[in-house]
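Chain naming follows the written order as A, B, C, D, E and F, and within any one chain the residues start at number 1.
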Amino acid sequence: MGIRSFFSLFLLSVTIPYAMASDPSPLQDFCVAVNNPANALFVNGKFCKDPKLVTADDFFKSGFDKAGNTTNRIGSSVTAFNVDTLPGLNTLGISLVRIDYAPFGQNPPHTHPRATEGLIHFQFNPTRSKAVAFAALSSQNPGVITIANSVFGSKPAIDPIVLSKAFQLDVNVVKNLQTKF
Amino acid sequence: MGIRSFFSLFLLSVTIPYAMASDPSPLQDFCVAVNNPANALFVNGKFCKDPKLVTADDFFKSGFDKAGNTTNRIGSSVTAFNVDTLPGLNTLGISLVRIDYAPFGQNPPHTHPRATEGLIHFQFNPTRSKAVAFAALSSQNPGVITIANSVFGSKPAIDPIVLSKAFQLDVNVVKNLQTKF
Amino acid sequence: MGIRSFFSLFLLSVTIPYAMASDPSPLQDFCVAVNNPANALFVNGKFCKDPKLVTADDFFKSGFDKAGNTTNRIGSSVTAFNVDTLPGLNTLGISLVRIDYAPFGQNPPHTHPRATEGLIHFQFNPTRSKAVAFAALSSQNPGVITIANSVFGSKPAIDPIVLSKAFQLDVNVVKNLQTKF
Amino acid sequence: MGIRSFFSLFLLSVTIPYAMASDPSPLQDFCVAVNNPANALFVNGKFCKDPKLVTADDFFKSGFDKAGNTTNRIGSSVTAFNVDTLPGLNTLGISLVRIDYAPFGQNPPHTHPRATEGLIHFQFNPTRSKAVAFAALSSQNPGVITIANSVFGSKPAIDPIVLSKAFQLDVNVVKNLQTKF
Amino acid sequence: MGIRSFFSLFLLSVTIPYAMASDPSPLQDFCVAVNNPANALFVNGKFCKDPKLVTADDFFKSGFDKAGNTTNRIGSSVTAFNVDTLPGLNTLGISLVRIDYAPFGQNPPHTHPRATEGLIHFQFNPTRSKAVAFAALSSQNPGVITIANSVFGSKPAIDPIVLSKAFQLDVNVVKNLQTKF
Amino acid sequence: MGIRSFFSLFLLSVTIPYAMASDPSPLQDFCVAVNNPANALFVNGKFCKDPKLVTADDFFKSGFDKAGNTTNRIGSSVTAFNVDTLPGLNTLGISLVRIDYAPFGQNPPHTHPRATEGLIHFQFNPTRSKAVAFAALSSQNPGVITIANSVFGSKPAIDPIVLSKAFQLDVNVVKNLQTKF
């Protein structure tokens, strides 16, 4: 039994004729994201593709049934289906992620600045088996702030003396962390 | 006694001087819709007219006191005062419709995808007299999905076997409906 | 030809069975306002009527086709169809008003603190005929602040010296106004 | 490899101490739904469980990895993880469904009145194999209106003459449909 | 002890590296306003500066610790830190004002059309000393409508007969006011 | 020159009479928070005080001009004017904080889960002088998550092996940190 995404294919079969044939202003129904605005104009979020040029491919992305590569330091892999990888999600306020975990792998402490799952959280696979999670977020562009990276890997670097006091760590430990992240 | 739209005329008399004379960024007070964006740029909704070029006509549309033509198959006529016909409504979250009904006419089952009156509903005039309704919707662009048209008139057509099972109709009845809508 | 409100009657015929029969949590579809909360509890807005007790009357209010009495100082009359007079509008973000104008009558300068028609505006009937307007507002409870009443009729009264300076009026003129509003 | 929900378990481990120990008003972080309000009070949505009584079980529901029973007329099964089945989702604006399809099964035309996937849509499995979809919706309580049920199964029933004209069906066909839904 | 704005400087030090290094679509985190859109395109609000060109200066404005000049008719001075003077506030839904009052000075009756502090209000310094207030508003562009200016200083002018009836003032008093505002 | 909060006093003088005398449903204008709901009922946010019992004190909190005590480990002090300390702010979407800094003091890395200033940020006073900041946040209840406390001070504690891998710290360093926060 395969994992199939019927959603995009069939939603589109109703959406496109509707928009093209009967609704004079479809941009509030769908607004397929475009990444390269003309003339260096920017808005909060993304501009929409010309509705006349929208196709089924704008609403489709394969791979939801494929495990990610977890052979890394933390033993996990996040595959995101958000506005950056599936432009048809733009303005819909929704996205999905697939997270694969190696045995004893973790998705380290993080927050999502633009979704309701916004407190600091993490997941840890406490078993000898691989594991997988499917998660939904309340934004097409939830973002992710991995705590350790943001604090110790900031560029330009935060003054190690400041971090030393904030985290009650020896300043040399902080300096060492800043080389790792 | 005539039905007169004083709203647009007088609101404007205050709005325009305010925006022009004292508010350096009036675009959040009004954003008169423009239909033909330059350079094929699109946003969710509509771009605004240059505030300096806004005039009273952008906030005015006559005809609210005129009955629509109900000599059609369903015996009703909807006259919409929304962002497509009255561009000054853009971003205001409001629109009006006048609905005229012939005797025994109906506004068939439909939904509005972008307004709170969003369950499937219809109106039927059960009398031998003409009737009229004035309705307000909580969007400048509420949209309308007429159920029968969307299901049986979709282009490209939905597979009649699918609809046959969904509606428990003989497949030939479905095929016949698809020729009508 | 009579003005008939079909909306409430028929929307209800679909809404109620839907909510009762198939939706386990209908309160986000409709929330008929109740005015007298038990136990002196208050929320921003209004509590909902028990969905099991909702009837067609909660969505119906007659009088939209009746002229208001304009024999008053300003020569106008506002008949409001909002959450206070039509409780089924609660949480729907929409309301209607009928405004009748005597010849040369006015609806004096005012704002609506909870609706997008929120700049100071007024209407004036510059003709020898009666007139009528139907207006929609983007809130079930838009409120109205009549400028002259709020400024000169505030209780407790605003210090006349403050108003004298704000409006560049003689302090005795202000005091006189405060007796009128 | 099993499908495991790590989300609820670990989010909770951070959320609860945070709310209990350091945030004096945690109700805007989570508001676990309670179904039986005291004293017949109702709000748009659901009341929250006393934060002091919240436990891990409020954020956990098993079964996401279990296929639903598709031996029914339409050949599909929807397992919903929304506020009604997983109360910890309340106020978070997100829900998930698992949809299983028999060979040639369908999820018939429907809309979601409280989520952005709100146009009429359906899914059909055009293969001889079983299939499964995981979908996310932008509300903890998106609702579902199955078109055929809502139109032909409404209680009280819609006048068959009205539906006959709306759907261009013989009135006896409509009456027959009304006995099936 | 000086009043220093650390906010902008340090928030930026984290924000910029984050946006540049790790987030492919930073425009929902910050959208620095630009005042002169190319090609006469307008949106509700303001376009964003190219994120690659954003600098610390976009988030900084000095002067919060400096008293304004209150030697004017009303004896007050408002220094605004909003999207027009501090472009980094764009889309953040927040602004600040510093208000200085001469002895017995006032900030005359006004409303903010785009912020929750939206009823008519004023402040009056009833003392022989100077005073200062720091206020926050729930919009980066709250706007201000000074009642007396909007009513009596509207351009084009409102018919004095209308205002005479609305404010119960002699028509010559109204005409005189209209020359002052 | 003293820092005086005129806002609450004078806004109230207009608000209260308005609500009491002319607006039948003032709860959308102000909803003064109450902390102890009757009957163990909870909502997302806070219930409102009976509008008839609202007084000027509900909108007033002194201390904005008083420096906080910065003799602590991090050398800073935050005085918050939010819904918990100034109940009249409820539902208004705005709050203020005063932050005092000792020489070389810091407000350590943190986020606000319910306000737009939501990326990780901090402030540091790099001078030998005391300093003060006034900041506004786009929520009456923005919350604060101090990173170090949330990660290393969570109760129940996060498994030190998980944190060791997430932060690339020796597990004994983590265990030591967990005793400090």
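Throughout what follows, a residue touches a chain if its C-beta (ideal position, glycine included) is under 8 Å from a C-beta of that chain, and two chains touch if they have at least 3 such contacts.
The model shown is predicted, which means the values in this text are computed figures rather than measured ones.
Participant: From chain C, how many touching-chain steps at minimum until you land on chain D?
Facilitator: Contact-graph shortest path, chain C to chain D, evaluates to 1.
Participant: Spell out the chains that contact chain C while also contacting chain E.
Facilitator: B, F
Participant: Between B-C and D-F, name the chain pair that shares the greater number of C-beta pairs in contact.
Facilitator: Pair with the higher count of C-beta contacts: B-C.
Participant: Farthest chain from chain A, comparing Cα centres?
Facilitator: So the chain farthest away from chain A turns out to be C.
Participant: What's the chain with its C-alpha centre farthest out from chain E?
Facilitator: Between chain E and the rest, the longest centre separation is with D.
Participant: Could you label the chain A-chain D interface same or different, taking same to mean over half of its residue numbers are used by both chains?
Facilitator: Answer same: the two copies use largely identical residue numbers here.
Participant: Quick check on the interfaces: C-D is repeated by which of C-E, A-D or C-F, going by over half of contact pairs matching?
Facilitator: Comparing residue numbers across C-E, A-D or C-F, the repeat of C-D turns out to be C-F.
Participant: So how far apart, in whole Å, are chain D and chain E when each is placed at the average of its C-alpha atoms?
Facilitator: 44
Participant: Determine the centre-to-centre distance between chain A and chain E, using the mean Cα coordinates as centres, and give it in whole Å.
Facilitator: Computed value for the inter-centroid distance: 36 Å.
Participant: Could you grab the centroid distance between chain A and chain F? Build each centroid from C-alpha atoms only and quote it in angstrom.
Facilitator: 29
Participant: Could you say which residues in chain B touch two or more other chains, in rising order?
Facilitator: Within chain B, the residues that touch at least two other chains are 14, 18, 29, 39, 41, 43, 45, 91, 113, 119-120, 122, 124, 145, 150, 158.
Participant: Pick one for the touching-chains graph, please: line, ring, star, complete, other.
Facilitator: The chain contacts form none of line, ring, star or complete graph.
Participant: So which chains actually touch one another? I want all the pairs, not just one.
Facilitator: A-B, A-D, A-E, A-F, B-C, B-D, B-E, C-D, C-E, C-F, D-F, E-F
Participant: Show which residues of chain B lie in contact with chain C when the two form their complex.
Facilitator: Within the complex, chain B touches chain C at residues 1-7, 10-11, 14-15, 18, 29, 64, 91-96, 101, 116-117, 119-125, 129-138.
Participant: In the complex formed with chain C, which residues of chain D make contact?
Facilitator: Residues of chain D touching chain C: 39-46, 83-84, 113-114, 141, 143, 145, 149-150, 154-156, 158.
Participant: What part of chain F is in contact with chain A in the complex they form?
Facilitator: Result: residues 73-74, 106, 108-109, 111, 113, 118-120, 122, 124, 145, 147-148, 150-152, 158-159, 162-163, 165-169, 173, 177, 180-181 of chain F touch chain A.
Participant: In their shared complex, at which residues does chain B touch chain E?
Facilitator: 13-14, 17-18, 20-25, 27-29, 31, 37-39, 41, 43, 45, 47-51, 90-91
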